[in-house]
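Chain naming follows the written order as A, B, C, D and E, and within any one chain the residues start at number 1.
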Amino acid sequence: MKNSKKITYSIILAVIILAFLFFLETNKANYGMAYTVLMKGAILAVVAVSMNLVTGFTGLFSLGQAGFMAIGAYITAIFLIPTDTIQDVYYISGVSPAIMNFKNLLDSTPGWLQVINPYIALMTGGLAAALFAALIGIPVLRLKSDYLAIATLGFSEIMRAIISSPQLDTITNGSYGLKKIHGFSSIIQTFTIAAVCITFMVLLIRSTYGRAFKAIREDDTAAEAMGINLFKHKQLSFVVGSFFSGVSGGMLAMFMRSIDSKTFSVSLTYDILLIVVIGGIGSVTGSVISALLVTVSKEWWLRFFDNPLYIGSFQVPFFRTGFRMVVFSIILLAVVLFYQRGLMGKSEFSWEKIGKSVSGLKGFILKKTSKGGSNHVK
Amino acid sequence: MAKNNLLSIEDLCVSYGGIKAVKGISLVVSEGDIVTLIGANGAGKSTILRTISGLVKPERGKITYNGEDITGAQTTTLVEKGITLVPEGRRVFPNLTVLENLKIGAYLRKDNLEEDIQRIYKLFPRLEERSWQLAGTLSGGEQQMLAVGRALMSRPKLIMMDEPSLGLAPIIVNEIMNIIKTINKEGVTILLVEQNANLALRIAHGGYVCETGNITMEGTGMELLNDETVKAAYLGKAKKK
Amino acid sequence: SSKPTSTDGGKVIKIGVFEPLTGENGGGGFQEALGMRYANKVYPTVEIGGETYRIELVEVDNKSDKTEAVSAAQNLISSDVSVVLGSYGSGVSIAAGEIFAEAKVPAIGASCTNPQVTLGNDYYFRVCFLDPFQGTVMANYAFQEGAKKAAVITQLGDDYSSGLGSYFVTAFKELAGDGAIVSEEQFQTNQTDFKAILTNVKAANPDVIFAPSSIATAPLIIKQARELGITATIMAGDTWENSSIIENAGEYAEGVVLSTFYDEADPATDEAKSFVKGFKEYLKENKQSEIIPAVSALGYDAYIVALEAIKQADSTDPAAIRDALAKVEKDAVTGGISFDENGDAKKDIAFIKAVKGGTFEFLKTITVAK
Amino acid sequence: MTLSTFFQHILTGISLGGAYALIAIGYTMVYGILRLINFAHGDIFMMAGYFMIFSMASLPWQIAIPMVCILTIILGVVIERVAYKPLRTAPRMSIMISAIAVSYLLQNLATYLFTALPRAYPEIPFLKKIFQFGTVSASLVTFITPVLTILLVIALMFLINHTKIGIAIRGVSKDFETAQLMGIRINKVISVTFVIGSFLAAIGSILYFTDRMSVTPFSGTLPGLKCFVAAVLGGIGSIPGAVVGGFVIGISETLLVALGYSTFSDAFTFALLIVILLFRPTGLFGEKNIDKV
Amino acid sequence: MSNSILRLEDITMQFGGVVAVDNLSLEVNQNEIVSLIGPNGAGKTTAFNVVTGVYAPTNGAIYFKDNLITSNYPKGSMKKLYAGQNNGKFNTRIEKTPDQITKLGVARTFQNIRLFKDLTAFENVLIAKHMRAKANFLSATLCLNHKEEHTMREETLELLNILGLTDVKDEKASSLPYGQQRHLEIARALATKPELLLLDEPAAGMNPQETGELTAFIHDIRSKFNLTVFMIEHHMDLVMEISDRIYVLDFGKLIASGIPEEVQNNQRVIDAYLGVQEDGEE
């Protein structure tokens, strides 16, 4: 396929998506469920891709995502809780003067700065997560495979313990969490931020640095012998990945409007890992598709399993609360068993493939119709 | 010769995904013989051995062992029947010691192993010196010795060796060929894949030449050794000196 | 449970049930939902504008998980519910509050006692009292019973537990002096081993232990404490009025004291009388223990308050119902209910109960000025 | 801290550590052979708890205990067959997701079938006998746990290091194909591993729940995580490592709480783990990476 | 100034009690082809590993183009265990990582092929170009380095062409036949623009015919890229034909060195390594 053609197709696709999002935005009331679930899917897509960057493309099995997301989320939240309600939020122990001063400082900035405040908040959250990643990366990235996984998981749990500790009540509001966080202005905003983040990571993966990451994944000894500085590149991937985990944590805070430390427990990391693997380790498109699919099906489409189902007056057995999650687990298992390498394997979306399958489909239909035709003659 | 056919293969086809690696070969190994399979890289030699061992499932064809159809049988069943493979690329268990590697070679045997272990140590003194060492840290050649020794531990009827001389010092290569002759004299049938066609053909009773998935030539060891095409293609001697 | 809309064709008004039916709080959420389901059974219809509407409960499971709460709440909104009931556990209610407020659908909390649920949210109401009140009540009770030293055990990262603990500490210090809290311990979510904490508590030798926590942890704390030879009175908040705790802790549970929203032995209203009778049957039908959990009663109350508001609004319109709710007055199972400007039920009485002979026995009521 | 309080803590720590160790061995063994972090292990342990509740409802403990062991073993082996065996040649991550899916399934199934309300764990009379030494009190199970753990581990170590099946287990872990060439039936060997792991989980579950008295669908989550950490700390794949790890975590956790750092008890556990890994990148007893260049 | 490109001085490498390389000194000169031979387990690969920084030697020093790049002496528990010689001669500690050494201009292939298995032949080579790329990660990500990227790709194609891999450039490395994998490893090593190329058994698994072709090929690349080649090999045909000089190791020690004829007729080498050649075979 020609490049220009591909670009045209891509632009058309982007326009369609935008139009769809615009439609959702204007008809929010009627399509609330799609609106909410897609928004969450987009946010999870960012963190899934960031995990894929680290785990799938660099081969660093990291389970620290929840921790980095927590950092991003709390920082974003502090930025985005309106100053007039902040005392209500820290209702038990009061708010630390440092935060109060900071909020006042923010409020005194010029108007345009306040408009881009959410972006600054997300950036800061991401940067803080990246900073933490850089610090713990120094000792931890020497570890191999599962040892690295458990060390990063440990970090994430430590992070959570610190956040929920009563000692930090005036900053993180300990057990009580942060609320009244300013949310997204529209779903288009969410998707745009997500798209920018994911595009950046895709470009990184495609660059010469991304290739070096893959080399490390394939065989770190050989990669090192090819002059790739293992530590520097692992660190780079880890820090960039954590940056975007932090950003997506911030986005999650904006989506949920209220967060607490429990949100960022190990199971969040598992959920993300699940999305990554279902999508295909080493496939960005896979992660994105899987983030949307998993979220939409788990939180929306499968919900009917939770309610009693009648066919006529016959009540179908098994359909009651909790059944949805049983079904979800079974589907999950089936998908892993069926698609051992995830939905996309290591491959990415490409117009060529679409083209191929479309022409394949065309051929199929043509055959069918011609067959049908001959039948007709008979 | 009224030798019994221990192993015979008819019209074997194997492919990996879409790629055909073996395209309908037939061959026969008589009981008590050394048969060698030579051919260029990627000709499909290892694939043939792996298919006989049940590690790869054939697409078509029939493998008979001792009169019994063993096509597609499980690897472990075949080992029980006395077929052993020294796999390509050594494949020692890196986390086991040298001694444990030898013991695991005799996994199905229930009798005393001591005598056999001593025999292997005599064949490869280096292994005795390093009996406590984790096999993963052995040098390439030492691992190759271990792989051969391990296969002998099961007292097979048919032993298939995939490039047993790979990475061995010349002196050991000669040694290995002698060992093959010795165990063959003790009654073990041998199917040998070797890049060092020269040596292999010299000790073999019969040989096959394999090219891109097909058998292109067969004969006794000496016949092939003296064949001009074989000389030119595999013995690398035509232009020398 | 309810029948689907399609079969009978009549007019329908939907009430959302927003509860954790699985996850950490799945147990409590289930009991609260039972109360609502029962209420629906008792009052299946409502008159609006002279027409009979069938009331359909739309249940969604928020899995005790804040992240999922948002989409679960949205699911209710998408199902066009006129009013929402729930949830057990304040965290999920707070997370969902924004969604309800934005969609302008009123929500009535049954047992979510955290002040933050209704604070600054014009669409959230609740039929129970609040943690600060409850904490103060228990501190007062302990002090009245002669306790001089108290230990507090709370769950980290849990706003209910930590919040209640903190209100208790403040109140008890005020009453008994700054040194009266001899030990403050925290434990982690899902922790099952409390011996280390309890050994410390034992060493501090308190007169009472205040341990507000979830149903799942309660029997563990009680049993392990008694096993270690701790004899101090163990006290907690409303969540502990749950028969599963007695079932699990067995005789160890004897003497445990808690505050709760109502007393089944002494029904205050007519509504309460018929509720106690009917609901016990209903529990039996559902293969549950026959002790009525307080949260079930509150769930029932939330439903009938919603019903009353619908009647008064005489409309299925959520906004109208919200306005009616603000003015509603209803004699419910847990007493008369009307809401203050925050949307909180004006309740100033807490019932103190203790476990005796394998059931919860009423001790006294305590009133504290807010 | 008085001396008796200290002893009380130590007792608690050792007993907790013993139960952790038994579960950690399950992780380590499965990891040792499949390179798989069996996330479902904690939930198998939880299910063993429910099995006991239902067995004891109608049977005396003498029969209930072996019954629970058998049921748990069956559960473990079935899980292996259904969820892991078809993935022998799949990437490691996929098997891990399969394990997570099984873990979700068990939790959700337990919630669905038994509700999320805690269920009382039956008392096995003799285990609950309480001993009193001055002010220190403890039930028999507290003493039995560490002793039983050590005994089982000694037996297991012998099995792994000195028997044929032991060598086979270690061999299979590195190379399925070559193991088959040795005549080893890998599926059988893997099943044996799951039998042992699940058996220990059942025993661990009996000891653990007898001491803690109630079961919920999430009862396996935290012990699961802790024991996994214990296995890694000891060097995942190493049985003595898992035991030492189990005791280290059990005791240090208890002592930290005892010292008043309950907020950070988990954090400290993880911090300890990270520090140990920094000095010994493959845990205390983990095998070094033998990747000869 | 000498014309040596690599010089090992009293290198000892000890693993626990095993002395793999024992007090080895040798020198490779610019543009030479030098072979390192010896029985299995003699320490040849280990010597390569020490040169390329995979292991830090227990004792000894290494010079690359007369610059000291590695130097070490027994430390820690090794102080007691150390069984080599020249204890105390060295007192500086310089340990370079493999990537730093590659950057200096030393590239290698591996005895057991270590390609990036799941990547294509093209990517395998392109990755090796990364080290010499100048773009930082931001400019590379934002595609500001397309000129450089373009040259990298061009050069990669050229290398593949030279090694006869153009046809298979888009195939996964793991699906290539053994011989091509060996070639690809060499291409990848060359992509790092080395001055010294270390080949560990390049002819292993090749038949005599293919081995013969390798001789010509190594000569070719030496002149084309102005290389020095240091090679481990067990195929005596190849070694004797191609080497300017040969070093022979046994039990970690140097037992002989010199031009092929000398080594071939050295009795110690024959006893330890070559064995008595059967007639017909050489």
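Everything that follows uses one rule, which is that a contact is a pair of C-beta atoms (placed from the backbone, for glycine too) under 8 Å apart; a residue touches a chain by one contact, two chains touch by 3 or more.
Please read these numbers as outputs of a predicted model, since none were measured by experiment.
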{"item": "Set of chains whose contacts include both chain E and chain D", "value": "A, B"}
{"item": "Co-neighbours of chain B and chain A - touch as defined", "value": "D, E"}
{"item": "Taking each chain's C-alpha mean as its centre, the one farthest from chain B", "value": "C"}
{"item": "Relative to chain E, chain with the most remote C-alpha centre", "value": "C"}
{"item": "Interchain centroid distance [CA atoms averaged], chain A/chain D, Å", "value": "32"}
{"item": "Intercentroid distance (Cα basis), chain E paired with chain C, Å", "value": "73"}
{"item": "Whole-Å separation of chain centres (CA-atom averages), chain A against chain E", "value": "44"}
{"item": "Whole-Å gap between the CA centroids of chain B and chain E", "value": "30"}
{"item": "Residues of chain D touching at least two other chains", "value": "108, 111-112, 263, 266, 291, 293"}
{"item": "Multi-chain contact sites of chain C, meaning residues that touch two or more partners", "value": "21-22, 26, 30, 156, 186, 188-189"}
{"item": "Contacts with two or more other chains, residues of chain B listed in rising order", "value": "137-138"}
{"item": "Inter-chain touch pairs (all)", "value": "A-C, A-D, A-E, B-D, B-E, C-D, D-E"}
{"item": "Chain C to chain A touching residues, read off their complex", "value": "1-4, 7, 21-22, 26, 30, 59-61, 63, 66-68, 70-72, 74-75, 77-78, 91, 94-95, 97-99, 103, 115-116, 119-120, 154-159, 161-163, 166, 186, 188-189"}
{"item": "Contact footprint of chain E on chain B as seen in their complex", "value": "16, 19, 38, 40-42, 89, 126, 133, 137-142, 144-145, 163, 166-175, 195-199, 202, 232-237, 239-240"}
{"item": "Touching residues (chain side chain E, partner chain A) in the complex", "value": "52, 54, 97-100, 102-103, 107-108, 110, 114-119, 123, 126-133, 135, 137, 140-143, 145, 149, 152, 188-189, 191-192"}
{"item": "List of chain B residues in touch with chain D within their complex", "value": "53-55, 74-76, 79-80, 84-85, 87, 91, 93-96, 100, 103-105, 107-108, 134, 136-138, 150, 154"}
{"item": "Footprint of chain A on chain D - complex, ascending", "value": "31, 37, 39, 83, 86-87, 89-91, 93-94, 96-98, 100-102, 104-105, 108-109, 111-112, 225, 228-229, 232, 236, 263-264, 266-267, 270-271, 273-274, 277-278, 281-283, 286, 289, 291, 293"}
